[in-house]
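Naming follows writing order (A, B, C and D), and every chain is counted from residue 1.
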Amino acid sequence: LLDDDHFHDECGVVGIFEHPEASNLAYLGLYALQHRGQEAAGVVSTDGQEFYNHRGMGRVADVFSAKDIKRLKGNRAIGHVRYSTTGDSVLRNTQPLVINYRHGALSLAHNGNLVNARELREELERAGSIFHTDMDTEVILHLAARVDGKDAGERLAAALSQAKGAYSIVALTETRLIGVRDPLGFRPLVLGRLVESGGYVLASETCALDLIGAEFVRDIEAGEMVIISEKGIESRRPFAPVGRRMCVFEYIYFARPDSNLDGINVYNARKRIGHELAKLYPKDADIVVPVPDSGVAAAMGYAEATGIPFELGLIRNHYVGRTFIQPAQSVRDFGVKVKLNAMPSVLKGKRVVLVDDSIVRGTTSAKIVNLVRDAGAREVHFLVSSPPTTGPCHYGINTPDRSHLIAAQHSEEQIRKLINADSLGYLTMDALYRAMGSRETGYCDACFSGDYPIFKEIGAEERQLRLIKEG
Amino acid sequence: LLDDDHFHDECGVVGIFEHPEASNLAYLGLYALQHRGQEAAGVVSTDGQEFYNHRGMGRVADVFSAKDIKRLKGNRAIGHVRYSTTGDSVLRNTQPLVINYRHGALSLAHNGNLVNARELREELERAGSIFHTDMDTEVILHLAARVDGKDAGERLAAALSQAKGAYSIVALTETRLIGVRDPLGFRPLVLGRLVESGGYVLASETCALDLIGAEFVRDIEAGEMVIISEKGIESRRPFAPVGRRMCVFEYIYFARPDSNLDGINVYNARKRIGHELAKLYPKDADIVVPVPDSGVAAAMGYAEATGIPFELGLIRNHYVGRTFIQPAQSVRDFGVKVKLNAMPSVLKGKRVVLVDDSIVRGTTSAKIVNLVRDAGAREVHFLVSSPPTTGPCHYGINTPDRSHLIAAQHSEEQIRKLINADSLGYLTMDALYRAMGSRETGYCDACFSGDYPIFKEIGAEERQLRLIKEG
Amino acid sequence: LLDDDHFHDECGVVGIFEHPEASNLAYLGLYALQHRGQEAAGVVSTDGQEFYNHRGMGRVADVFSAKDIKRLKGNRAIGHVRYSTTGDSVLRNTQPLVINYRHGALSLAHNGNLVNARELREELERAGSIFHTDMDTEVILHLAARVDGKDAGERLAAALSQAKGAYSIVALTETRLIGVRDPLGFRPLVLGRLVESGGYVLASETCALDLIGAEFVRDIEAGEMVIISEKGIESRRPFAPVGRRMCVFEYIYFARPDSNLDGINVYNARKRIGHELAKLYPKDADIVVPVPDSGVAAAMGYAEATGIPFELGLIRNHYVGRTFIQPAQSVRDFGVKVKLNAMPSVLKGKRVVLVDDSIVRGTTSAKIVNLVRDAGAREVHFLVSSPPTTGPCHYGINTPDRSHLIAAQHSEEQIRKLINADSLGYLTMDALYRAMGSRETGYCDACFSGDYPIFKEIGAEERQLRLIKEG
Amino acid sequence: LLDDDHFHDECGVVGIFEHPEASNLAYLGLYALQHRGQEAAGVVSTDGQEFYNHRGMGRVADVFSAKDIKRLKGNRAIGHVRYSTTGDSVLRNTQPLVINYRHGALSLAHNGNLVNARELREELERAGSIFHTDMDTEVILHLAARVDGKDAGERLAAALSQAKGAYSIVALTETRLIGVRDPLGFRPLVLGRLVESGGYVLASETCALDLIGAEFVRDIEAGEMVIISEKGIESRRPFAPVGRRMCVFEYIYFARPDSNLDGINVYNARKRIGHELAKLYPKDADIVVPVPDSGVAAAMGYAEATGIPFELGLIRNHYVGRTFIQPAQSVRDFGVKVKLNAMPSVLKGKRVVLVDDSIVRGTTSAKIVNLVRDAGAREVHFLVSSPPTTGPCHYGINTPDRSHLIAAQHSEEQIRKLINADSLGYLTMDALYRAMGSRETGYCDACFSGDYPIFKEIGAEERQLRLIKEG
């Protein structure tokens, strides 16, 4: 696995209502959301009678053939991309799930994480439920099958009322496409319109709307449920209102720069973070070099604000897939070299400001600093476009244990030494919110601040739930 | 699809308890049971902690690689091969299923068919169950998760008490391998012993024991449940006793000739059927020719009893897989030619007694008679080693609608004309049971006699349950 | 590899001239010839302008998809199936080969073996030729490109005049389909007619004609070349006439029983061999049991002649592919059990005459005798439907080294002991030719008699030619 | 196919001498050279005795498994990546080729194009050569097999003396790795050293050395042949000296920015081109936006020189593979949208300087300008970092017919209108060479200037050579 030194988004979702090529559009939406998960992908479609599904391990382009898309009949479809660590990323744990229950069929794709999934699951099992997968999504489906409600929307709302945590969900029934975002609105979800067909699109990010030529309508709000049917769009507010707590890390790293989340363009936000870094750490340096791709926009902002020239001293090989065959007698720093190459002709003799989005375990950062020094840089000043990541995420982001978070275990000076930088500068919380415009809008920043909007159930060891492995 | 002009067995099952290479033995057992189902195969294994599973579409040899077998860790395993019609034979409908429920994990492989599956499913859905597949197996798992019981055996028994129909089941828990045969014992199930490892084997037919070098212990009896654990084997009788009704068609066609089912060797039974045909239809003919492979043993019996020479006038191409690429401008009788070739040097000018196991739609039989005539046969007398198939099977065998059963729609004389034979002779029920030894042992012969041991729920249209399709 | 205890045919060829679905018919012809080679298959087609080719490792059904067949455009095609030992059976060594040379394009498929291939190759290399493969076929192509001749037929004839050994060849040019059989006619080659399209078929065996609905016209004669073009068929005799020496082992084992080779039906020849065995070895036995499939016809002949009942005491699993996953702690006699199962209900207490086609290394025969004894046979008399195989074949059949041929190293009594039989009887040469009708027709029987019609070049170590391996 | 609106590099090559994991390093080298060809990849290795090869269609990561690499034994290896248009990119036309000839085995991988290939081929065919592929490489191998010479180097040199055109070749014999660059040195080739193993590396670009941790030694010079054997490196000058004519388009577009070609760093050269564009076209604009990735460095140079802010207004989806499934009812400008997304939050209301490397057919450029306008740009000034491409390349670059080159058919003003830009500015030849440092070093710029260093044989229609297609 190439990159385990990062927080990783766990999922992206998309939904299409009323388009003759619904599954093809869903597939393209997933294409645009590929950065949110590259381990598995799936689409479920319906013609109002039957449900069709195709899921597989790997990237969207590898999972779907033209023949697969053709078999996914009907005018409505939902799709899902998933990231997860190797061990668990088995076919049975891919989404969207589709089930039959007393009200017909129901399909669901989920981005997020329930903090009380284990508790709910145990309760459901005590009541006689059986589980085919390890996914929270299945818990939600079980709940929806057991509650009452006049329509699928009410049932889904009643089910989710028992769930705590983060969820941006798209759901498909015989007649409806439903989108719902948890009361705190951790993960993004947007609504678009297919002008020609008069249909609708739901997606994790606006970049998915752009690719399929859908018009942006608006963000689904925290705590909102939209129900799209032949009668049009209905908006509901099934949950008790609480303050919005959108994940601030989406802006810093997860989302695509060309997406707008809750009204804020990601690329511009990152550039403003660069401006803030310039104010915090005005360096006496020759060049500003980003760690591509995640460090590019912040580095540009820093260069713009300081006037220090912006240079691409590290070139990224975009053909690198998730795996490669490594020689046994390893080349020094091979793991990072396969992705990044440092240019002596740019770096030699230079005092370099290096900008990356975050430092998680610190191992990759150390190797990158090494590369830059080996290419002849005289000084390396490492600026991080986020505050120190001192805690794990419980809201749908894959994070290492706290014990592996370098910033949870070491002082900034220790980290500087460990990554062999001449200086190290993290973004401050205040600067972060200056860049975001305002703190008041309501963000989650728990992995930086320790201020967790929802607590995880005690002793929840997800691991123990997983008894079944793909052979 | 090569052969839709036959009744088809729906499944074969195997279970291994305590062998260091349990999954490999399960795989080999399925190899030996391949004739019972060639559409899909799967193995679930356990080391007592985790469950591993691998399933796929196609033949056993194609579904499993050495790597797959290696990943199926643990000393216990169950396996399943499945036949089904194309439309429904999707990956999600392959077995064994494995689920988590309040008592841990439970895996199940099932040969048979529940006649009240739909009813049970609707009840379960009303009680809040969700269904991921279209299989009866999932109904049984749901029931097992909802009943009480001191151990998995009791729970499975309680679940099955609500089920009506045919089931020969192998089940796997963290600590036990369970085998159970329905009260009427429609489908076979045998117990064997792995002498060296001291382990046990369950399998649909004895030929599976032979291949893996297991000693035959005994047939599981109708209505019996065996629970194999580290403490040894325990036999239970959880159901009210009713008379045995073993499927007589297993002897005529489904089972492998080298298997012994409930004490009777299949090959010998078929030869005795040939003797009976000789008594019923002593023909003035030059040669006896089987339709290979299913007609071979009965033809040998007929030849033996009549003294008419046995000849292989039809040669079967054993390399034929389930599919082939057919030319658009079709060769005459192509469908049957790809499987069978008629030899003029054997057949020319001869009066031929042709022996096959059954006539279902009649289309294939007509083509075969054609082939034999084209090869120069002067007369073709078609003998069938079963009574006329006048009804469908509800007990785990895939059968065409009654409207497609030639014997349900036509008189014998009409059939004779339709297949263009000079004479046609079916086995009689009495002759059948003389060949079987005794009628009293208790057999199902419903598809011949209309005497259905269990009625199917009214209006049960399995089709309607299937809303989800693999794209 | 399942079976290395046999002589193996190296190839089968087919050619189609003028049919709108030429490649589909070629594919079906290969299907029927699959028994002649299961390691690789290929088809080359032409529309008179371009040549299309598709080749792959494995069985015909696995190598070709409907899409592949569709891409093989044109009204003419040739095809090839190939057997070879694992090490060398790489993609680059599959046929038909297709090349461009000064006269356009030429494609060739070859069944046989040149005994002076190495010599020719060295000469060609000295003259500046380069070799992409290890195949004799490429040697022939090089020769054809260097000789003069008025048409492709003359060039091919001139090339083959330099070659010594066995070859039944089909060749394709822009305008012609050519078939040629070496002067001694070791390997079979037949001509058929596609009645409807008015086209022609060439094939190794008549069973290929039968499957595609082609009428048998005649055998290509030893030393004959036929040239099929829009003008019709032309027959040439480009080589100095020598006596025919058709491989007698084709009748005993290689060919399909339903084929007729040079006028003799294989099944009937095998039955007559059984009659001869009956005369040579009239046993006091209870049953005659064939080792299926190769022993069936001879066993039937033996039973017919002696009146001892013919029984299928060994059942063969026809689903066995070329490979399977073997447990490490091997089941006793596993290798043979995966293919054959012995039935105690047939064999127990019986004095058994076991009939097989040949004994090569003896290891398999020993295991089979074991199986039969373990199933309870009281006596096992092993009859072989060929004389002792005491030498290798140089004419296109894959054979073990002489040092591995049990009959080359041991007396019959020693062999009897080694395979643990109560008695052992080989066919005699005289009996063989009685069964074949006449010795005078001209057969090769070198691997039995040591009478090699053509000598192999001295010191020819084919191995040394092979420098390039597929990675 | 995503991108046919570009000149495309045809190949990249790599060679490894003396490393225990030679094939793994060759594979990694190809990984780094993936941008030079994504249609097919291959590696040939040798242990001095046998040659091993593995080739396949697709990207390096898809063509090679760990098992494949393991099978490619030996301490020496060469590799090749290839770009070509769909129709011809068949497995048989992948490299490296490996053949046997009178001196043993010889393997060759070639980047470039021979202008007299057809002529040579016809001559060779007249002399009796046969051709298995359509590649120039095979012509070279034939020549090498026919000439005299003391060693493989001399033979290869003698062969190449008959060839005209562009070739950067790596060749492998049992004992030597040979690298050779044609007298004009069109394509790059560099030498590196594996410090630890003491081995050597040849590669198309320095970025391949960087990835495998090899030290850059020097560029192979135009007309130089290096022979690497156990005795070390020998440099030969087998060809009559002519002036160097390195392809200038390598700097502008083909090569990776982090590579140094003949001493010049590509990224810096591109930035200097940006500076020149600034001098030529100082625009009154708000932002400079590159068409990523190829326009990035020049745009940065332009921004640097003009002081106009550099902004990423177009975001490129790097997960896009070579193909995707397109909806039938096409989204407007879908083809370019799947690769690029324009950001209104950056572009709205802005006067934009858009920088790309070249305009070939013009269709893509028009769509990109559209995208930028749709995102709200007020003005779009299109700057091209190369002179107008008015002619095809005959030296190894895949180019459309002259009739499809927009600059060959239209005036700049017409092009401006066709792509809907407010202004259009091409780099001038003089400015190009100012950026390159000097014209005197010797470059090919034929596709811009019409000054072809070598003429193509008359009437050479490569197409006609291609008679054989993969089915």
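Observations
In this text, a residue touches a chain if its C-beta (ideal position, glycine included) is under 8 Å from a C-beta of that chain, and two chains touch if they have at least 3 such contacts.
Computed from a prediction, not measured in an experiment: that's the story for all the values here.
Using the average of C-alpha coordinates as each chain's centre, C ends up farthest from chain A. Centres computed as Cα averages put chain C at a distance of 48 Å from chain D. Between chain A and chain D the centroid-to-centroid distance comes to 36 Å (mean Cα coordinates, whole Å). Between chain B and chain D the centroid-to-centroid distance comes to 60 Å (mean Cα coordinates, whole Å). Multi-chain contact residues of chain B (touching two or more other chains): 69. If you sketch which chains touch which, the chains form one closed loop in which each chain touches exactly two neighbours.
Under the touch rule stated earlier, the contacting chain pairs are A-B, A-D, B-C, C-D. Within the complex formed with chain B, the chain A residues making contact are 23, 43-45, 49-54, 68-69, 71-73, 97-102, 104-106, 122, 125-132, 141-142, 145-146, 465-471.
On the side of chain B, the complex with chain C involves touching residues 20-21, 24-25, 27-28, 31-32, 34-35, 38, 59-61, 64-66, 69, 196, 207, 210-213, 256-258, 260, 265, 267-268, 293, 296-297, 300, 304, 309-312, 315, 317-321, 323-329, 331-332, 334, 337-338, 341-343, 345-346.
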